Each structure stands twice: as C-alpha cells, then as structure tokens.
Amino acid sequence: MTRSVGVGVIGYGFMGKAHSHAFRNVAAFTDSPLVPSLEAMSGRNLENLKQVASRFGYKRVYTDYRDLIKDQSVEVVDNTAPNNVHKDPVVEALEAGKHVICEKPLARNAEEAYEIYKASERAHVRHMLAHNYRFVPAIVLAKRLISQGFLGRIYHFKGLYLQQWLSNPDAPMTWRLKREFAGSGALGDLGSHVVDLARYLVGEVTAAKGTAETFVKERLNPQTSRKEEVTVDDAFHALIKFQNGATGVIEASRMATGHDNSLLIEVNGDQGSLRFNLERLNELEVYSVKDAEVRGFRTVLVTGRDHPFMKFWWPPGHIIGWEHTFTHEIYHFLTRVNEDRDVGPEAATFKDGWRTAVILDAILKSSESGKWESTS
Amino acid sequence: MTRSVGVGVIGYGFMGKAHSHAFRNVAAFTDSPLVPSLEAMSGRNLENLKQVASRFGYKRVYTDYRDLIKDQSVEVVDNTAPNNVHKDPVVEALEAGKHVICEKPLARNAEEAYEIYKASERAHVRHMLAHNYRFVPAIVLAKRLISQGFLGRIYHFKGLYLQQWLSNPDAPMTWRLKREFAGSGALGDLGSHVVDLARYLVGEVTAAKGTAETFVKERLNPQTSRKEEVTVDDAFHALIKFQNGATGVIEASRMATGHDNSLLIEVNGDQGSLRFNLERLNELEVYSVKDAEVRGFRTVLVTGRDHPFMKFWWPPGHIIGWEHTFTHEIYHFLTRVNEDRDVGPEAATFKDGWRTAVILDAILKSSESGKWESTS
Amino acid sequence: MTRSVGVGVIGYGFMGKAHSHAFRNVAAFTDSPLVPSLEAMSGRNLENLKQVASRFGYKRVYTDYRDLIKDQSVEVVDNTAPNNVHKDPVVEALEAGKHVICEKPLARNAEEAYEIYKASERAHVRHMLAHNYRFVPAIVLAKRLISQGFLGRIYHFKGLYLQQWLSNPDAPMTWRLKREFAGSGALGDLGSHVVDLARYLVGEVTAAKGTAETFVKERLNPQTSRKEEVTVDDAFHALIKFQNGATGVIEASRMATGHDNSLLIEVNGDQGSLRFNLERLNELEVYSVKDAEVRGFRTVLVTGRDHPFMKFWWPPGHIIGWEHTFTHEIYHFLTRVNEDRDVGPEAATFKDGWRTAVILDAILKSSESGKWESTS
Amino acid sequence: MTRSVGVGVIGYGFMGKAHSHAFRNVAAFTDSPLVPSLEAMSGRNLENLKQVASRFGYKRVYTDYRDLIKDQSVEVVDNTAPNNVHKDPVVEALEAGKHVICEKPLARNAEEAYEIYKASERAHVRHMLAHNYRFVPAIVLAKRLISQGFLGRIYHFKGLYLQQWLSNPDAPMTWRLKREFAGSGALGDLGSHVVDLARYLVGEVTAAKGTAETFVKERLNPQTSRKEEVTVDDAFHALIKFQNGATGVIEASRMATGHDNSLLIEVNGDQGSLRFNLERLNELEVYSVKDAEVRGFRTVLVTGRDHPFMKFWWPPGHIIGWEHTFTHEIYHFLTRVNEDRDVGPEAATFKDGWRTAVILDAILKSSESGKWESTS
C-alpha cells in the first residue's frame, strides 16, 4: 500500500527542476511506499516561479518560503535555494516539524553548517543532505564492493572534480564568484561532492593540507559593465589523511579546460581498485588482483537488473541520465521517512554536511597557514 | 503561446512507459508549442494498465484500443504495442483522423509496412515512426556534420547492434522468438534501427546480401516446461550498397556476449570519420583530416548548450539518459503537428518504415538465395 | 648450450629491416637455442642494399637472391621480397635444403600458394609463413583462453583491418595498386592477416561471400605524371562460415579515414568474449559471464612476466612495439628448427598460407558471382 | 658522412640492456652522424656481465668501472648502475674527458646531485641525464604544442606515476626499499620522472609541499628469511607552484593496484589541454577550445611520418615500444656531441637533475615540517 505525501520545494532554478523531475519519477517508476504530491513551490520572481511550477504541476506558489513552510499540506520541505539561503529555511522547517531535504553544500562554512546540524538533532523529523552522487548506481556498487572487502586494505583515494566554465578569462562575473553569496568557489561547490564521496567510500578524514587559487582576479560584470573582484577560489588542491591510514589527494577546478563535468574517483586497495568518472556515470571500473593472467580494469556498465536501482528503469545497456540520481535519492528518503529511520549511512545527513564543511574550512585555512590542519 | 493537445497511448509496457515519461517531460522541459495532456491509455490487462496509467496521471483507461481511438479528447494516438498489433490500430487511427506515432519496426514485414505507409498517404494528419535514435543529440550532430560536408565523399558505413540476452543457451523462450508475433528476430528488432540510421546518415540503399542465423534452435518455455522451436533469427550479418556508391556492413545479434546494448556506428569519408556507441550515447567521435599533426578521433561530449536539444536540459557534462531521446522525438513531432508539416527528414516517416522493411526482407531473402537482392 | 645458425635475408625494405632487427634481438633478449648469425642480404639496388646490410651487420650482400641461396653459410633463408617474388625464391630455397621463412601473403593467389605449399611438403626442412600477428602477446593469450574454453561455444568472429593511406583521392599510384605485382589490394595485404587470425583463433572456414570495391579508379603516377588505372581492390567486406558453426564478418580497407593501422578482432562465445586492436597491441579485452555483478570487458595490459614472451622484455607496463612480434616469431621458428619440429599450430605454415589464399580467392569470386563460395 | 664513436656502458641490468639495445638501433635506424661502436661493458659479476655483453656484441668487459673509463677506445661513458653508484663514476668520467650519459635520478639527494652538476660545468665534454620520457614522440609533440602557444596560459599541471609492485604486503624486501642504496622510494625512482616532465613542459618550480608514506613498514627478506624495515617511501603526494603561476599536483606510488606503469600527465591551459599515459605511450590526447561544437579530446596516434622521430621507424599506426625512447634519446645525444652543443633544453642536463633533486628533497622536508618549502 502506498500513501501520498505533500511536498514543497524552495527554489525553481536548475536544482528546483532536477528535484521536481525526481519527485514525479519516484511516483512513476519506483515502488516507493510514499507517493509525492507536488503541493507548493516558492521563489522570489513570481512570473518565473509560476511558469516552472505549472510545468511540473505544483498546486500553489509562494514568493516567501515561510509561507511554504507554514502550508499544512506540505510535509516535506526541499530547499534548492542558493547557499546563502540554506540555513534559515532549513532550521525553520525543522522547527516547524517538517521533514527536510537540503541541496549541498549544507552551508557557506562549518559554523553555519553546525547550526543546521544541531537543529536537526533537536527535531523529531527526517532530513537529508542532497548529495545525489551517493545515488549513482555505479557509486552504490562501489560502496558495496568496498564494504564487502573487495578492495582489501585501502591505500589511496583520489577525487578530482574538473570543470571548465571559468577557464576562459573573459567568462563573466556571477554571484557564484562572490564570497558573500557562495561562501567559496570550487571548494564548496565541487569540493563538497569530493569530500562527501571520500568519507562515504573510505571513511573519516583526520587532517588536510591544501592550497586554493584564484587565477583570474577580476571579471566583467555584464550588468554593470565593470570589472569586479573575484572573491572565491577558481580551484583548490589538497592532501588528506584518513582515520584508517589511507592517504588522499582531492582537488577541484573550474579552469580545467576540456572537462565539462569530470568527477573522477579512484580508490586503490591491496586487493583491488575502483575508478569512476561522472561524465560516464553508468560505468564503474573495477580491478581485482584475483584475475590472474587476465587481470585488468573491468568496465562495468552498471545498468543490469541486478545493479542498484536499475530494476526501476530500462533493460540492460539503456543508460540513465544524471537526473535520475535524484530519483534514487528521493526514493531512499521517502522509504526512510516511511520507516521513521535516519537516512544514513546510505544518504548524507546534516551531520555529514557539517563534517564536510569542517574539512573544506581546514583546506582554506591550510592554504593560508601552509600547514596540516586537523579536521577531527 | 502554447495550447494543450490530448494524447492517448496504446500499450503500457516498456515502451508505453518510455513514451509517457517523454510526454510529461516535453511539457516540463521544452518550449513545445503544444503541451501534451495525458488523456487515455489502453491495454489488455486491466489491473496492470490501471497501475501504469495512474503512475503517469492518465485520466482514462481502455481495454480495447478502438475505444481509445474513438475518444474525442485524444488527438494524438501513440502505438507502443507489440509488432503484430501495429498495423490495425495505426490504420484505424489514421482513418479516424488522429495524428499517429508508432513504435518501430513499423510492421512485421514489408507487405504490412506498405499498407500502413499507403494509409498514411491517404490521411490528412501527421504521423511519425518512433525511431528515437535519430533524436540522440550525438546522432543529430552527426547528421549535421555529414550534411555540411565535414566527411566529404562517403566510402563506408558500418552499423552493428549487439546485445547478449540470448547468448546463454538456457535463456527462456519468449514471444519475441516466435515469427508469428515478432515477424523476425534481431533483424526486425535491432536491424531496423541500423537500417534506419544507415539511410538517415548516408542515403538510400540499393542492394543487400546477407545471412541470418539461429544458433540455439530450441528454448525452454517456462510456462509449459517444454522445449519450443525458435522461429526467428538470433543474429544477422549483411553487406549493403548505397545509391551514392558507399558500401556498408550491417549486423545485429542477441548472442554478442559482453554487449548489453551496443549500437555501434562508423562512417568514413574522404575528409573525416564519425563513430558512435549507444552505450555512451552522450558522446560522438569525430575525425577530421584537417587536424594535421594533432589528428585523431575527438571524443565530443555532446552536452553543451550549443548541442542539439541540450539547451532544454542541464549544464554541460551532466549527461542525459536513453529515455530523453523520446522527449526530443515527441517535441519534434508536436512542433511539426503545430506547423502542419511532415516530420521528415529529421524524423522517420511511415514511408521510411516501409523502405527499412523492404531492405530487411531483402536480407532475409538473400540469406536463402545466397545472392545480392535489389532493394530499389 | 646455444649454437649459431647462418641467416640470409632476401629484401632490404620495410620488412627486411623488421626481420633483421628481430634476428638481432633474438640473440640479445631471448633464450633461443639457436643464435642467428647475419650472413647475407640480397636485393637489386646494390647501393641501398649495402647501406641497410651494413647498418645491421650483414657479412655479405648479393644482388641475385640465387647467390644468397647458394651461400653455404646460409642455413635459414628469409624472404621479405614483394609478393610477386615469393614463389620462386621460396621453392628454390626449399629445394636447396634451406630452412625457409616467407613474408605474408604467401603468394598472389591460391594457385601460386599451392605450389609453394607442395614444395614445402617435399622438402625435409622447417618453414614458416611470417604471420607475425600470431606472435603479439595479447593474441597468444587470446588463443590460450579460447583453447582453455574460457569463451565456451563460439558464436561470432569479427575481423577488420582498417587503414587510411588511400582515402585521399589524390594519393599517388604505386606498385601495390597493380594486380600484376600485388595480386590484390586490401584483400591480400590486409585480408590475409584477418583470415589467418580467424582460422588461428576460431577454426577452419567453409564458405565465404563478399564484395570488393575500388572507390578511386585512377590515380596519378608521379613518375609518368599520368593517370593510371587501379587494378586492385581498395576495400573488401565478406561474410564467412566456420566449420564449428560460428559466423564471421571480415573486412579490410585502405580508405578508412581515421585509422592508421586498426586490426580489430572480436570473438563472442557463450561464456565470454575477446577484443583486440593492433593500434593498442599490448592490450587484450576480455569478458567473462562469470564476473556476476562486476561483469565488463577487462582491459588486460599484456606485459606481465607471466604473459606470453614478456619475460624476455621489460618490467610490467613497459609496452613493447610492433617490431617485437617478429622477435617472438623468429624465436619460435628457431626453437622449432632446433627441435626439428613443424612450426604449427602456433605459427602459420605454408599450408595455412594456401588455405588463406583459397578463402581470399573465394571472396573475390563471390564479389563477381554474388554468391556463397565454398572454401573447403 | 658518419663516423664511429666508442661507447662504454657501466651496468648490465635492466637499464644496461635498454641502453645497449638503443645504441645498436641508433646505428640501424637513424641518420645519426656518429655511429656507436660498442667497446666495453662493466659490472661486478663477471659471469653475468660476460653473458649480457656478448649478447649485444661488446668487445671487452671490465669488473671495475674505472678500467672502462680508462679505456682509450671509449669516448662515451654511459652509467646505468644503481643510484648509489652514480656520483663517483660520473665525476671520474667527466674528469677523464669522456662524454657522459647517466641514468636518472642523477643522485640519491640534492647534495650529491649538486656535486655532479658542478663537475659537469668544469668539464669540456657533453653530458646528458637519461630522462628518456622526454623522448617519447607524444611528449615531444606535447612540448612543441605548448611552445607554440596551443594551450595558451597554463593553469594546471598534474603528474602521477602509479605502479603496483608493492601493493601486495607480502612482496619481498629489495635494495630499492633501503635508503642507503636507493636514496628514496617512489619519490626518487618515479617522482624524478614526474618532476622532470613538469619542469620540461611547464617551467621552473618555486615551492612544494607534500607528504610521503610508507604503508608496509617491514618486509620479508627472502635471503635472510627475516623481516626488515622499509626505510624509503611507498608513495608520495605533493602540491607544487610554478614560476609562471600555474599550480601542480604530483604524486607517485608503488601501491596503486591496477597500474603497472601509469605515468599520467595532464596540462590545462586557457586555450586547450593535453593528456598522456605511458601505458599508451604512442598516444597523446589534445583538446582545443577552437574546435567549437565538435570539441573534445583528440586521441592522436603519434606514429605518423610527420611526428617526432617516427620517420625512423615503421608506417603509421605501427606502434613503437617503450625501448625506443632510448634510441631517440641517444640519437639526440650523439647529434649534439657531433655539433659540440649542450643537449638541452630538449634533453635533461645534470643541472636539470640537480634541480629535480632539490624539488624532491623539498617534498621530503615538507613531509616532516608540514609546510611549503621553497625550491628556488
């Protein structure tokens, strides 16, 4: 038996659309015990908001997120707004007794993130940080293999998130390049994904040292026709240490010409290795030392009926898109809401979001101090 | 300004779901002038039908497709039923003045296909054969490059469609392995895609010689627990000639161990070459002789704002899934319905479906005669 | 204990150099019981001959191959001359009691090939047809896996040999495009490799049907500044049947833009599959149905100490070049000479060369008849 | 006109063979003005020495390298001995007025390296540090493209050297894991290649911070059957800064399961990017922002007649092996000896070797201090 659950989404941009698409597909494709009912969407520009809301079939719109939180039919609040509008809506929704989903990164820094995490501990509701890459079938398979000991003792983790949208020095200024709105640059936006996957796949991080760089210091604001200062990082590189003794290299860049969206992961253990590239997200590369004379990375097309979440979709070899990671994630969330259980460790919690923020802050601090910074 | 258009879908299986998902996404993501309204779905098993219809939000269900065709609110009839239920519903819908979409292959053989094609010529409505691979962004880009002369004079076409679901000799009997339901095996199911892309990308085919094989002659029917004869081909291989002088090799197999859904295309011209693999459908490989000392196949990730249909989706590098080829295809169809124009040459028409059937029949005939068979 | 064996090489061109390099490396790197001593080289242009012979350390040169054959110190005659100079020197060397190596293809057609084969049967010496691709470590591994049943029952063989040196219509006339010198075009030059590997890996071929094409009918002879007719094929495509029931597609082209030297092999069985590409000759791709949820083609870097012939070379991952296939081949030959045993089935014999010629001739015949031609 | 030049090689192991093979091939395949004559080889184990020397045709052997240096017929001394036997023979050979080649790394640490560098400045002979990867055709092409401005302003350099021969904790103790013989572990052995390529391709390095790890602290010595301490690093990771403002990540590991010999390079500039993998050393990946809608990494098979050094070898697409990088390197050296010119900037000089050692030492130091260490 299924029952309907009222959903309200804050934000109607890129992420608002991705989440809305997923809420609908949870109903259409999965066996979720809770079936989302799209009750309300909020945003500041009424005209744009109405258009998006109507395209996805939302019943009501609000220009103030507070009204959405108050809406009695809304049981789940999903916050897809920019980073500087994460803390207040999330804390208010938690306090209003709503189940809460929040887009990553959890906040602009560890301090803000801690407040959210603590609010979630006080609340008697379910919550999830929307680290959707934990719900790529290939990543779920990777996690499963690591848990089963397929890799043995882990030596190395490598996580790179490479994009190129700023590599052209003439690319324009946006709010994402301003510290007051974004908190940080590649670090928070891309690095949060990398750190989350590092912790998910390998374990807790105890120390970090790194460096953050801004290659193009000023960019033209097309609205003011003036050059403005870039106050966030274009790229960062860091070394990390894991509690279990593994070492890691993580980095992210928006200046990596040739890469549109390469989230590259590699994990090496004494029994095998794994590789992943988000631009080929239906594939996982797996190496086993047991393969004897026919050893080599296997390119596993993770689209079989026996692969994570894939029974909900198409026959083997019919690849899914980036957007369906959200369907899986929300499916997981609703299943746990139904069971009244925490979403972890499969999904990221607000505590995970805070831990990630602590690690990212340590990298920034190390970039100035030049030293190892503890993240314990 | 947009207006609503009533849609009725025959069939609720794999393809019924894929098309339904697309009708919804056309409304949510594209700028289609016609916005689909999901009016009715038909199928023979009422319980299953109701479940699928409700998941996608269809207003009504029918257990007889004739009732769906009669439904006044249905302006577009989309037939996703098995091959042996293509001709009658399509012809009836055309005669009832509905716009018609039909899943591929158009029919079980050229004779049936010809009847449908002729019915479409008599009707004053729009129609489309749902060869969705024409709407993979990478294939649209390929077609554009060929049309622009990027490849120059074309020498070779290669088209392989490789699957492995029958390579295990213990795989069970299904209706797909019976001639009376399926018409043919790999030939019609997979070969129709290959032939359609050959004609779309390179041009008309004038002759074919080939061979079709059934490696496993009998398979166990799990319902009767008896071995039954396989009356269709497991695989075929053929040589083809194009009107423009190019030569082609086409083949398809359900015994190609290691391949879940490899539709591999390669086109070689005197100025460049193209390669495509459906298992990596967001990529197109492009070679240009003009690249001088840095010549080599470029792996183009066809996900940029400037790439076909991609402005409707996510930022660059966020790959789309197989399912969105249907969104593009239906978007194209609705645009043409709105303009009251034929869907070709971008989409396949029923005439294209008939031509493809003629070529596939010639391959089967050649498999027995052993000779070149004209397909003109 | 090793002993020295006198070697004489006919021809000092591309192949003369490749073989000479290999004779030297057999001595330097392998544990061959016979150590080649480079006694003599023959060729028609004395000046060029002397230069090459001196670079490799040959003791004597002859402008008439008959003198080389007569040379008492020459125990092994290796014929690397063009195809039209294969039969006479080989037969004469056999009759003179020399061990003989001959470059592929064995002859210009099956008739010539048969004469050579019969001469080898009459002689009491060792002989080898230099199909060096049987000595690529990855191919040896492929053969071993197939013999061990790793692939199970074989369904499909695919063999393509793609080059692009004629895809430019302005590429000049050469002797290779004249039937009287070359016998055929892509068919004999490239197709002989494909057919040899088909027979080596899968088994005997019983029938073929195919088509051969000449896309550019005339080319400019730079020496005469006149257009001359191309009297061989630019490309061929063929379907073949194996004795064991497998089907095959083979083809070769010199018009395949983007491919410098792509010899692509794929073999599918009911238990697994193999893939190979000569442009990445140190790699073999291997798929096993037993790999369960982590199934996928493994990219095996065939450079380990445990891989065929690799103990003679460098540490793992230090790839070898195309040239070393000759070292392995000659190592094998000398080992068999020492043991007074036939070189097969690991290496190609002149009987293999004749069988390959029969199959290639059948494809040419079928190109005209349009029908299946028996190759039994 | 060519003239002969007498060569003496110190060491008959892995590198002794690789260099000897190259000296012979320079004569056989290139147009070098100086033709090597293999005069003498030295080593401590007479029996083994004799065997190797005879396989390559050396005229004399010495068990003391000093005798080789004294040998009047030896004009070029090539030192392929272990790292702890670099300084003395090199300095003595320089002082004896011989041209000198030395295997990398130049020495066990910066101090030793400096002594050698200074000795080379005092000598009036030619010298070269055998960083053979500068002579991979793909790397030469990469350097050429960067010099031509193909990449524009460079943002990022990444250099990883991954091997797996120690990832098994039961792999035995060897001299390479002892600081007194090897100086360091992955750092000197593999890291020296990475640093050399970083400096060659991007420019001088001004600072480094990093960490070195030993995962398996003790290993069994098979000769003593006792566990002994590993006194060098298994892996290191470091961040570097270039004088031109680019940032870099470099690392090397002998614990990277799945990698036999992956030297991975990536360089990103504002106009394009390059990628290289030593396990596919005949290929270079090149990205240009100018490729508009058909942008993507080109996989360039660097085997054309127009590609660096490839005119000496085979037709296009016939790949060369790792061993031929030495042929190119020695060809370059002999050409410069003939012209009485320094081997740089194409080849590495002893000054380059010293600079590399300074940077590697800074990484080790930083591993303890935890801070950025200047390398200026």
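The chains carry the letters A, B, C and D, assigned in the order they are written, with residues numbered from 1 in each.
Convention: contacts are C-beta pairs under 8 Å (C-beta built on N, C-alpha and C of every residue); 3 or more make two chains touch, one makes a residue touch a chain.
Just so it is clear, the structure is predicted and the values come from calculations on it, not from any experiment.
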item: Intersection of the contact lists for subunit B and subunit D; value: A, C
item: Furthest chain, CA centroid comparison against subunit B; value: D
item: Subunit A and subunit D: spacing of chain centres that average the CA atoms, whole Å; value: 41
item: Distance from subunit C to subunit A - Cα centre to Cα centre, in angstrom; value: 54
item: Distance between the centres, which are taken as Cα means, of subunit D and subunit C, whole angstrom; value: 35
item: Touching two or more other chains - residue numbers and ranges from subunit B; value: 259, 297, 301, 304
item: Of all residues in subunit C, those that touch subunit A in their complex; value: 141, 145, 150, 283-286, 288, 291-301, 304, 306-307
item: Of subunit D, residues touching subunit C in the complex; value: 14, 17-18, 20-21, 24-25, 27-29, 55-56, 163, 165, 259-262, 278-282, 301, 303-304, 313-324
item: Residue ranges of subunit A touching subunit D (in the complex, touch as defined); value: 151, 153, 155-156, 167-169, 209-211, 213, 215, 235, 237-239, 241, 245, 247, 249, 251, 253, 255-259, 268-273, 275, 287, 289, 297, 370-372
